[in-house]
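Could you have a look at this structure, given as structure tokens, before my questions?
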């Protein structure tokens, strides 16, 4: 068992989640191989989203998740198989997306099915995809008491209606 | 510190959660010793549920969590003590159970208190149990805007009432 | 890569979360160096809370989180940098706080930014702090069906209004 590679790949995935949720797009780009592919999306509402190449992935995320949108991709349960300079991994994650301007919150869970490649001694994500266990959306209008006490991306947080 | 055994036991627990939530019952059976015991349940609503033997655990889960029921058992915070071919571990987990037919969602958190045993070089769960920190249930009726955008187990997802 | 120190620091953080959420204050004290500092708080609602010294941290938590208050600090995504006998780490966490007497639930996520120090071979937390990604509060009054099925700290759990 290559324990060091295991730590490196786990660290890579944590960096993916952190730089995505903290909107650090230059560091986010660094977690992918140049030819990385991504397969995101929700069967029930739309065709899965397929992105080809690091630049396409980063551009998509930068455009979709900017502004005051809050995202949390919370990853755990790594099951990693290493095979020389490539590896495959599954992860459970729970995601929270809050769009203050639309007054909605989206919560869900899925299993990532990733591939990794080591180039010049550095592990990167060569493919990322997931299959949703569930995803739900609810409007703030159903929770008139709801207060957004903190939003890292905005001082202007919705206050209760009452 | 036996780092390899540590990785194997963590991987075992992740396989437990994944095969449970993905309803892969044959693989789920493989994570338990034949004489495994389980102790699940919620003090406030019922007597704890005690199951004896791998077959009893798998049968119970297969019957209780089939159909279009969504479950997520999200585990982290492993604290594992290894003692030769046996080990003990605690884990924090958060669980989400959505029963679309009853229009309810259950959320909670607990600490697993597990025992593991290595037989012929393979770690398995010999006892699994937990003590709940909390558990709550809420009806979809309180959130008329709620949309279940994806359910891995059903194309037929509840839509908003309005 | 010092794999053993990595395991020890991760275990330390898990002990922090577990002893905090299980209100085991004597064990909780043990995770800190005597001169530990803490920086908690939510920009939107109040000044950040700064605590100096292990005793101040433990006293604050013991006073603030006693009784039947439910807390879950669920930590994952460790990114740890070790430098001899000191280390720095970031962690994503999601927290749930339920105050039955006030009928409110608080949910949020943040990134911990910690420092660790090894004294006489034992790693302890020398600084703990976080920056919130988001935090929200909602009243039970918006969810008349809500049942608290279990609370580790009380037999007396709120029942649905209907």
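Labels A, B and C are assigned to the chains in the order they are written; within every chain, residues are numbered from 1.
The criterion applied here is as follows: contacts are C-beta pairs under 8 Å (C-beta built on N, C-alpha and C of every residue); 3 or more make two chains touch, one makes a residue touch a chain.
Being a predicted model, the structure only gives us computed values, none of them experimental.
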Looking at which chains touch which, would you call it a line, ring, star, complete or other? complete
If I list every residue number at the interface of subunit A and subunit C, are over half of them used by both copies, so same, or under half, so different? different
Could you put a whole-Å number on the gap between the CA centroids of subunit A and subunit C? 24
Subunit A residues touching 2+ other chains are 3, 76, 94, 142-143
Touching residues of subunit A toward subunit B in the complex: what are they? 1, 3, 6, 42-45, 76-79, 90, 92, 94, 106, 108-109, 111, 131-139, 141-143
In the complex, subunit C residues that touch subunit B: 3-4, 7, 11, 14-15, 17-18, 21-22, 70, 72, 74-76, 94, 96, 98, 142-152, 155, 157
